[in-house]
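Two complexes follow with chain A in common, the first pairing it with chain B and the second with chain C.
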Partner chain A sequence: MLRYSIIGAAVVALFVVLLAIGDNYLLRLATTVAMYVALASAWNIVGGFTGYPSFATAAFFGLGAYACGVAQTYGVPLILAWILAGAVTALFASGLGLAILHLRGHYFAIGSLVVADVLREITNSWTSLTGGGMGMNLPLIGGSTGSQAQFYLLAMVALAGLSLLAAVLIDNSKLGVALRCIEQNEDAAQVIGVDTRRAKVAAFTVSSLLVGVAGGIYASWVSYIDPIDVYDVSLSVKPIIMALLGGVGTIAGPVLGAFGFLALEELIWRNSLEFHAGILGLFVVVLVVFLPGGLRSLQGRNIWQLATAAFTKRWA
Partner chain B sequence: MMGALLSLSHVSKDFGGLRALDDVTVSLREGEVIGLIGPNGAGKTTLVNVITGVEKPSAGEIRFAGDRIDELRPDLVARRGVARTFQIVQPFPRMTVRENVAAAALFAGGAPSRADARAIADQQLAFSGLGREADKLASSLTLAGRKRLEFAKSLAAQPKLLLLDEVNAGLNAAEIDDALRLIAEIAASGITVLLIEHLMKVVSQSCRRLLVLHHGRLVADGETTAVMKDPRVVEAYLGQRYAERQRELAK
Partner chain C sequence: MLLLQVLTNGLALGGLYACIAVGFSLVWGVLNVINILHGSMIVLGGYLAFFAHQYFGINPFLFAPFAGAVLFVIGFAIQRLAINPVMGRPVLITLVLTFGINLFFDNAMLAAFNADYRKVIIDPPLGVFEIGSVLLPVDRLYATLLGLALVGALWLLLRGTQLGRAIVAVRMDRDAAALMGIDVRLTYAVAFALGAFMAGAAGALLSGIFPISPVSSGSYLGKAFVICVLGGLGSIPGVVAGGFALGVIESFGALAFGPEHALTISFGLLLVLLILRPQGLLGVKGFN
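Now for the complex of A and B:
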């Protein structure tokens, strides 16, 4: 707990410094990384703690974004619109969870993947409410560009903190024990009395709530959303890569992964627009083969030990 | 007067065209230690699966302590006091031995808090002879250790009925003797035990009553020594020709 507090304090200090500097590029990067922390930590509750490879993040993000957009269009105050975005997404996810969480492994992954496509088509078709393919403009908040950027950074950091808090609380609760039992052996978990369906739906709902709020904040931040942007499949894939990069199923892993992923995104992919999807694929393969435990597994080991361990294990 | 703790009435289970259990009717009384034997594929594990809710019976009904349980999910059956071990041990590999047992105490055992669950786990680990392994990962245990862990997990669930599915498979003679002592102590505590076994030594030492399944049918139910001499049981285990020869020799 002390270690988490120190990490948390360091991250908050970093964001305070960024707020003080006030550079727009840095503020955008910081807001993005806070959003990534929230998305990766939220995904980790389902994908890491429970072991269910969910590809529904884009669906929840898009639904949250549009719920917030519609709410704001009807005059709901900003913060309330974000809360509403989370509530709508959580409600949708609890129903969806009851329908698809009996599927396991690849079947669940495919089932969760198509949800974003279905929601995108509904959003595209429901022009009177969502603006359809033309997208939706959201009301701008007052103040200078700089103060707006600082406001959204604070909002995303608060959400990232909330996501981490949710992960820590779940990890230390009865639900956390149930999820870890499910992740390691679902049949054995049932036989020792774990209500697996309830635990999985609870995890899915909490995770979706956080992602829905992230979608809402994102929609207000960029002030214009369209179905292609907010239901983009990369929103489902990126949190998984971040969690893999940092360490799946851990508290700190998704945070580390979010920072690492943003660094890679900025340094490599922005300089390789043509091949960035290919590089992303290669990166995942390298990650899974050489660093299955994520960056956290590097703790206490030097690179040479790690490299030789990976080679010894695979080719000895 | 001991009442029926578990009763199966005309229970069948079909997997497509295969009838794994065929019209099984049997009752287990409180405090009994009952053996269940049968050749491979006789339906022993399927019987455990339908009792624990892992499989739903295709026909018939199952009552536990007077209530129907054949429509319940496995977690609800477990919370009512039916615990089982698996033929192929099923620990949570990346949890410690203590965490494995505490999880069973927390959910099926109904421990009020995680601290209480850990205390119950420590008691059951000491009872099962795993006290010194409590902080090890479950995946690091030997086969005998994992079998003991299955015992400890199922006992932490505070069961009224314990279904032990081939807990001695793969163990050496000394380890089997240890397991027999453990089973005797569990039985002495008043828990009803259904012991699914291949080893005659184990059932003859532990059980006064023996059930025999063959092709999904209950072909014998009675006092252990009498059942072991039953020609239908001999035929089921050693084949028709051997049974006929035995009958001729007896004449």
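Now for the complex of A and C:
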């Protein structure tokens, strides 16, 4: 618990300093990192605790974004629209979970991966509601650029905190134990009396709720969404990379991974506009091949030792 | 008559679709890896055929085995360097890894070829068969027959050669195969390279009919998903059935809902199938 408190205190301090400085670039970075923390922690509930390789984050994110956008065009007030975004996404995810969570391994991965594509095409075709491929403009909240940026940072940090809280609460609850059992051996979990179906759907729903709200806040923050942007497959993969980076299945891992990933992303974007996706791809390969336990496997060893160890293991 | 034409359109793509998916199915079945890279390999095969046609005037249909050979080498190298270290790890790891390689690959192709759609213009045009009032473009017929021929060749290779039996054996039980003296690592690499070969060849065949662009890799990958789930994993006849089924379904789906919904229909179908019959229509254990 001490470690969480220290990390929490550090994040809050950072956040207060940021609000005080109010530099727009830093505010944008901070909002993004808060969003990443929320997405990675939410993914971790399904992908880490339960061990189900979900690639549905983009689907939930996009659905949340559009639910918020549509609600706002019908005059629903901002914060209510975010809650609605979460509710719509959670409802969708519970149905989806009932349908696909009996699949395991590769089939579940593919099933969850194509959901975003289906939703994107539906969004694209339902022009009357969503504006189709033209995208959708969301109403601005008014006020100066700086105060808007601060407002969205506040919202995103609150969501990140909520995601962490959800992760900690689940981890320390009966549900958390059930999820860990499923992760280790689902058949055995069933035998000892865990209602695996209920536990999995619950985890999937909570996770999607957080992602849906993140999509909603993102939509109002950028004030323009289009299907290609909010259902992008990279939204499904980035949280996984963050969790892998920091340590899958832990509470702090996704948080550290989110910070690490953002730093890396900024670095790559800054140095190579043309080839940033390619460099990110190479980074993923290096991460997965050489640091299977994330940054934590670096403890006490330097990168060179790890690389040589990985090579000798491979060629031996 | 319209329905007959629509059916013909669908069937005329079936063999090509089987060729698109068979490499993906082989890699999934034998290595237990979902190869996100598959779509990009198809696109690269298409570009190789495009350039071979542009600079040397080689017919893309005839070029297919050569495009496949180039991809075989690339695939072998990728498996040895990047995928071999994570063999046996959970799907999350292997899928994220191939996704990463795919990001790199896609970006490299975008930088090298840019996103414009390009089309091989076969001169003189191959024309159209008329059977009664049903029209069948000759280029599609060639592509689908050649696609089927390549799939058939792979089937023969897996059935009748020592290499093929080794691949099937590793797929069934890798430990037992190792005990029988099979080099499992080499077999994995060759199976992955064969998957890449089929992708490259399929890309060359595609380039004879459709325009190519790096941005279409995702849709080829999606087709491979659907065909594998439709036909079931682990059998080449299943892939062929899945390929023809997808061709016909897409064709009728386009008639009923408009061609822009082809992907939605096939992915919707994929989800329904996964829910109801995850082993596919003809799924079996082992790889035959």
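Here, the second predicted complex is superposed on the first by the 293 of 316 C-alpha atoms of A that agree within 3 Å, B and C clash if a C-alpha of one lies under 4 Å from a C-alpha of the other, contacts with A are read in each partner's own complex, and residues count from 1 in each chain.
Following the convention adopted for this analysis, a contact is a pair of C-beta atoms (placed from the backbone, for glycine too) under 8 Å apart; a residue touches a chain by one contact, two chains touch by 3 or more.
On a predicted model such as this, the values are computed, not experimentally measured, just so you know.
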Quick check on the superposed pair: does A:Ser147 touch chain B, chain C, both, or neither? Answer first, second, both or neither.
neither
Touching partner for A:Ile240 - first (chain B), second (chain C), both, neither
second
Could you say whether A:Thr127 touches chain B, chain C, both of them, or neither, answering first, second, both or neither?
neither
Of the two partner chains, chain B (first) and chain C (second), which one does A:Gly193 touch, if any: first, second, both, or neither?
first
Touch count on chain A, higher of chain B and chain C
C
Counting only touches as set out at the top, which of chain B and chain C does A:Asn137 meet: first, second, both, neither?
neither
Considering only touches as defined above, state whether A:Asn24 meets chain B (first), chain C (second), both or neither.
neither
For the complex, which residues does chain B have touching chain A?
52, 54, 73-75, 78-79, 83-84, 86, 90-95, 99, 102-104, 106-109, 114, 153, 157
Which residues of chain C touch chain A in their complex?
28, 32, 34, 82, 84-86, 89-93, 95-97, 99-108, 111, 218, 222, 225, 229, 260-261, 263-264, 267-268, 270-271, 274-275, 278
Complex interface listing, chain A residues touching chain B:
174, 177-178, 180-181, 184-185, 187-197
Can you check the complex and tell me which residues of chain A touch chain C?
47, 51, 53, 55, 99-100, 103, 105-107, 109-111, 113-115, 117-118, 121-122, 125, 233, 237, 240-241, 244, 248, 274-285, 287-289, 292, 310, 313-314
